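Two complexes follow with chain A in common, the first pairing it with chain B and the second with chain C.
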Partner chain A sequence: MYTNEFEYLAPTTPAEAFELVGRLGSKARILAGGTDLVVLMKDKLTSPEYVIDIKNIKEFKGIKYELGKGMTIGATTKISEVQYSEIVQEKYPALAYAASQLGGTQVRHMGTIGGNTCNASPSGETPTPLVALGAKVVLSSAAGERELPLEDFITGVRRLDLKEGEILTRFILPEPSPKSVSRYTYAGARDAMEIDCVNMAVNFELEDDKETIKYVKFVLGSVFIKPLVSKEVPALLIGQKFSDALVEKAVAAAQGEAKPISDVRASEWYRNEMVGNLTRRLLKEAFAAAREV
Partner chain B sequence: MQTWDKRETEVTEGKSSYVREGVPSYLDERRHSQVGRSVPKVDAAAKVRGEAVYADDMTLPNMLYGKIKRCKEYAHAKIKKIDCSKALALPGVFAVLTGDEAPNKWGIVPHSCNETVLAIDKVRFYGEGVAAVAAIDEETAEAALDLIEVEYEPLPALLDPFESMARANEVVIHETNPDNIAFHGNQIYGDVDKAFAECEYVLEREFKTGMPQHGFIEPQSALASFDPHNGRLHLWSSNQVPHYLHRQLSIVTEIPMSKIRVTIPTVGGGFGGKGEACPNEFAACILSRKTGRPVKITYERSEVFFTSKGRHPCHMKMKIGIDKDGYIQAVDFDNTMDKGAYASWGVVVMFYTGSMVHLPYKIPNVRSYLRNVYTNKPSSGALRGLGGVQPRLAMEVMLDEMAEMMGISPYELKMKNAVVSGYTAANNMYVPHTEYKRCLETAVEKSSYLEKHGKLPFGKGIGLAGGNYISGTAYTLYQNYKPHTTVVLRVDTEGGVTVQCACTDIGQGVDTVIAQFTAEALGVYFEDVHVVVRDTETATFDLGTFASRLTYATGTAVKAAAEPINQKLKEIAGQKLGCRADQLIIKDHKIYSMYETKKTMSWDEAVDIATSTVGTLVGVGHFSPPRRKGIDIVTGNRIQGGNIGHSPTFGFSCQIHEVEVDVETGRIRVKKVTEAGDMGTPVNPMAADGQVEGSIVYNMGAALYEDQVIGADGRHLNPNFHDYKMPTSMEMPDMFINTLKDSYDPTAPFGAKETGEGAVQPTFPAITNAVYDAIGIRFYQVPITPEMVLRALKEKKEKEAGCGA
Partner chain C sequence: MKQQISLDINGRVYDLVISHRDLLVDVLRKKLGLTGTKKGCGNGDCAACTVQVDGEPTLSCLTLAISCQGKKIITVEGLAQPGGALHPIQEAFVNQGAIQCGYCTPGMVMSAKALLDKNPKPTLEEIKLAISGNLCRCTGYKRIIEAIEIAAATMSAQEVK
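Up next is the complex of A and B:
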């Protein structure tokens, strides 16, 4: 229950942070909210020599939105801030809702959106809607910046395409199409402090006829080593008129694509059933919402 | 502490509800002013402010920190070698302890005690302690654990009681029990087979219950200080049975009890899990003796799980026979229990499961076959409502099913068979007082059960179940007939009123209740009473917090202790007022003639006179429970284990749960609970309602969410609150608690009985019955997981489709 001895560093500017991260490399871990890292350190699953706390760097936090250009969310923005942000609720409702269902109140006021991604747990709440919404991550270092789609940044269970010296500094979300809707749902044993056994998000848009599906991005969480972007569901749905029969095809396709495991939280069988039932629920919910836009 | 407004109690005298019909108020023994008051618990303010001191908050000069090395490799293995030399060489390490240094066996029940402080020769469950260290700080102690090298020879892990019995020829967990059966017993009352032959309705079902643990928030913590100069040992520990702990400490350390003092600081919940000694307590004491310094050992949450002595998983078969008139004639009960690694409370819990079948319905013929089997899992032990909730699940679910067979309401069937005051069960269990029928009536009426049952839309359901629990035990766990509780009351002008008793408040509220009893018995206010408790040296004997015994036990002892003090004060007042002492009443700080209320003097004046003339007034009171023999009441034959389950009186409860089942996820949500309970006089109604709400939520957890998961190799897979899922505030149902406020047990002190464990009994079956009402699927197992619901719904759908084709 005790961490190893480590040196705590708290830079206040991006430049200081990049210098430290570049110099200390794999000897250091980056601390944001600490709700995952500190637990891992106490369990000695990670024992860094240095901990670089980036939450004092104001450039790395906050939500900025510009009409027509989309949104940037700083990596150290608290989950609760995402949850309660009116503009996030309006433009990216799947993300606001997912944030509201993460952990409990205390965890949401400590944990950060960047941390939730960098923890790279398959059952993470926010990566699923972020991927569905087309989020990119910005990886910054002393050498500059690069952008990457979030689904390419998370490469596996607790694995990231993060090069030495880089820090995830912000997310970029494209301006949502005015007719699109986004929705999120999940299954878990209880309504707080839950680790989802399945979660999923959809970004969904109908043609002007309010029947034909124009665009779908459908992402599943907790059923693969990383957020699973469905290929088959959009292929089935786009260009088709929405119907119960079509939904059932999408349900079967989603179940075919998901690769869930059995663990202490749920069996593979249950997860697979949940993929089916929640896909049905989510698509119908998204369709109903899209007709109202 | 903030003083409660005394005027509030004084004005109650004028209220019409204060006078019982047909009883002159001056003769009414139920005319209480301090019992029945809703007062904040004596420790509430300190807890809310964060000022209450728990064991782990304490430090002593030169204190060391202890840690226990646990076997994380196997659930069953021989210990070939333990090498502590590297740990001892680590700077900051003061001592290391291994099992062979403390070989005396301990356990709550003397005839089956089989645990040692640390494993000797062999580990029997995953996470068992193999060595302990004391070091200058916790980090050093933790580092030292990693330097202790243990060599194991793995043995097959037996994880299921049936497997354990079947493979006993090949793997034995305890040499003393070559069949791997810890305990077994047959209890036959009446002629069950003959009765079944004459029954119109007979049903047989099999049930299975999960492995929940207590979920107290405060992990075990013990601070021991051994004084090498006088050989005395002082232990502060988070424990609910200081006496049994005291006794076992003496056995293990070989220090006489008179040189050991046990003090219990504030306890952050116990629920039975602190109802026996715990290895950290022994290890802290022995390490303190070894080092000459105080040593504190506090468990991490995972250690609480590994060493928890939670509810016994039960594999039960039950058969119930009902005659053509709807009366239960016979019950056949077969229970195979999963003991886990060590004996603990096992024999008691096993026989409780047998005795609990006899109430709350009149059943003339009962047969129980009971066995409790060792496995390589965490030991099962005492958990809130022990031995009751498993057979209660079986019986209440089956009665629900049988009512349907008979075409009547479960309510009607239960009312017809419910026990009444003065009932003697087939096993000689005596129920002096019960309002069980009124519990059923009240809950049914308040919930509109009859209007809703069977009539709600698919996915919504309502379920009824009843239950009862003992209000104290009749016997000590070791052979002895001493009083179970002793109370000393002290009254003088300096200290006012002080009550001493080593009873232990673990959150259930005995500190408050004993103060209310004392105030009532001495005719003063609750706020006047100083409570000296939880200490084997400064307070008098008490057996401990279990079996819902303290309300009855302390109430009886307080009443007896108050008598000599009241007598003295009445004599003094009688002289001054010019009337006979036996015509005086002491109430609300006044002493007055029951016939002429103007003949009155203040209680404080009488105390002043007493203190000045004869000195401090002291009264001693004891409680010894009535003894009842465990016999078949028809034949008079002695029945094995038949003494277990007898109680001075019993509490009763009826619960009606309304649930919603999400048919897409399989999740069950309890939306509303209507409860009606018979606890006799509610001593502190506000706290009592809290107890009942807590009871409901407690077993709602184990009905739907909580279960310890053990892997195929015996590894504990969810030793944390992350994956051991207790309900959160988000899962709370609306609760309507309708305690029978006018219930009064004339045989009980102040009419009061238990409520801390009776109200957990109906929860499993009430939820299970409600789920059946919602989706037409009867579960015979708890917890009912979303996965079970979804599978059952799928099977039902396939079956129905199959029938259609």
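Up next is the complex of A and C:
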């Protein structure tokens, strides 16, 4: 298996990258870790004339956190850096855990957080918790920058609201509320190297009584064309005291909202069962954790 | 598109003419004769092609050779000790019978090397995680894991890198 012939370009500054991406437009594909793009190229699903490698641009990588302001994560930050970052583990545990469950060791050391989003596979691991955590993407070009909530940036299966000349350069995560917790869970055929048949993440906060739900953002992956932000689960839970009966209502609501398909990884029926099981497990886990903070 | 590049492999700098699309695994095996690195699935699913690039375990079947300029590449051939003796990881694989058909072995050894470079005293769970992307078609995982445990102990005692 070989890719098509192409010209490889490796800019070292953002300005060079913006100039190339702007000039070459749809003739070029942007390369980061290569764990998705090179596979697509080998399968001839994409055959760009130019490959623009943005890994050597230091401005596009790294994790920065400022207390009270939140975090920025450069688009070419490796999945393994996100996984092992102590500040990500502390402030955004759902994201650190999702990163740790992506692919295998080699894939996590090659693949990037921006690549996982731009691949725009519905089963991607990191977009689900990023959306739950309120992440925005920064899209940069020679003309300037714009910000967009991640759930609006991914528009469908392998579809992005990325205009010609733009590069996803970083994610912005808001400072988490001090009493909030975030959790992630998934189902797949095995632990490593599998592609999730369902994944989900929740950002969850209780009132001071440690019983009443103050805030929920609940996001499902691999059951829709893009990360699915639940409307019904927060509507059911917020303002209510947590109980098993309430969780069962949320389970039914999540199963109603999810629109899974049957494919090689799982049937529609199985995915819907797993949405129920995982929703139950995740909400109980988040509740138990939120009572401890 | 062809270009002359230099690659630092196992401490030696090679000057090569490559196509931009050439993958590191093909350059190692076909242009340089470093056939220790195996090409299994070619799609990043089996990790038989694992090498170290700047210390990180890397799938050479998904890595463009041209993107490795200026980086330090270590393949299984680069593990030999002064005088040609086997590296403790290789020795442990031999002694534990952690090799059946042998096809996954270089990738397993290189994954173990990347782990032990960073974490000289890994737990059993950490060893399993480090090789969780490596496929052994003979399913001989138990002895591979034991070999890595023994290699870790030997290397810590001998202070081998």
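Keep in mind that, in the parts below, the second predicted complex is superposed on the first by the 293 of 293 C-alpha atoms of A that agree within 3 Å, B and C clash if a C-alpha of one lies under 4 Å from a C-alpha of the other, contacts with A are read in each partner's own complex, and residues count from 1 in each chain.
The rule we apply is simple: contacts are C-beta pairs under 8 Å (C-beta built on N, C-alpha and C of every residue); 3 or more make two chains touch, one makes a residue touch a chain.
Keep in mind it's a predicted model, so treat the numbers as computed, not measured.
Once the two complexes are laid over each other on the shared chain, residue contacts for A:K55 go to chain C alone; chain B is not touched. Of the two partner chains placed by the overlay, chain B and chain C both lie in contact with A:M1.
Within the superposed three-chain arrangement, the count of touched residues of chain A is higher for C, of the candidates chain B and chain C.
In the superposed pair of complexes, A:A189 makes contact with chain B only, with no contact to chain C. In the superposition on chain A, A:A10 makes contact with chain C only, while chain B stays out of contact range. In the superposition on chain A, contact of A:E273 is made with chain B only, not with chain C. Legend: residue contacts after superposition of the two complexes on their common chain; A:V107 is shown touching chain C, with no touch to chain B. Of the two partner chains, chain C is the only one that A:T35 touches; chain B does not reach it. Overlap of the chain B and chain C contact sets on chain A: residues 1-2, 104, 191-193.
The residues of chain B lying in touch with chain A in their complex are 138-139, 142, 300, 664-667, 705, 709, 717-718, 721-723, 725, 727-731, 785-787, 790-791, 794.
Residues of chain A touching chain C in their complex: 1-8, 10, 31, 34-35, 38-39, 42, 51, 53, 55, 80, 103-107, 109-110, 191-193.
Of all the residues in chain A, the ones that touch chain B in their complex are 1-2, 104, 187, 189-195, 264-267, 269-270, 273-274, 277-278, 280-281. Those residues of chain C lying in contact with chain A across their complex are 1, 19-21, 23, 42-45, 47, 50, 56-59, 62-64, 66-67, 111, 114-115, 129-134.
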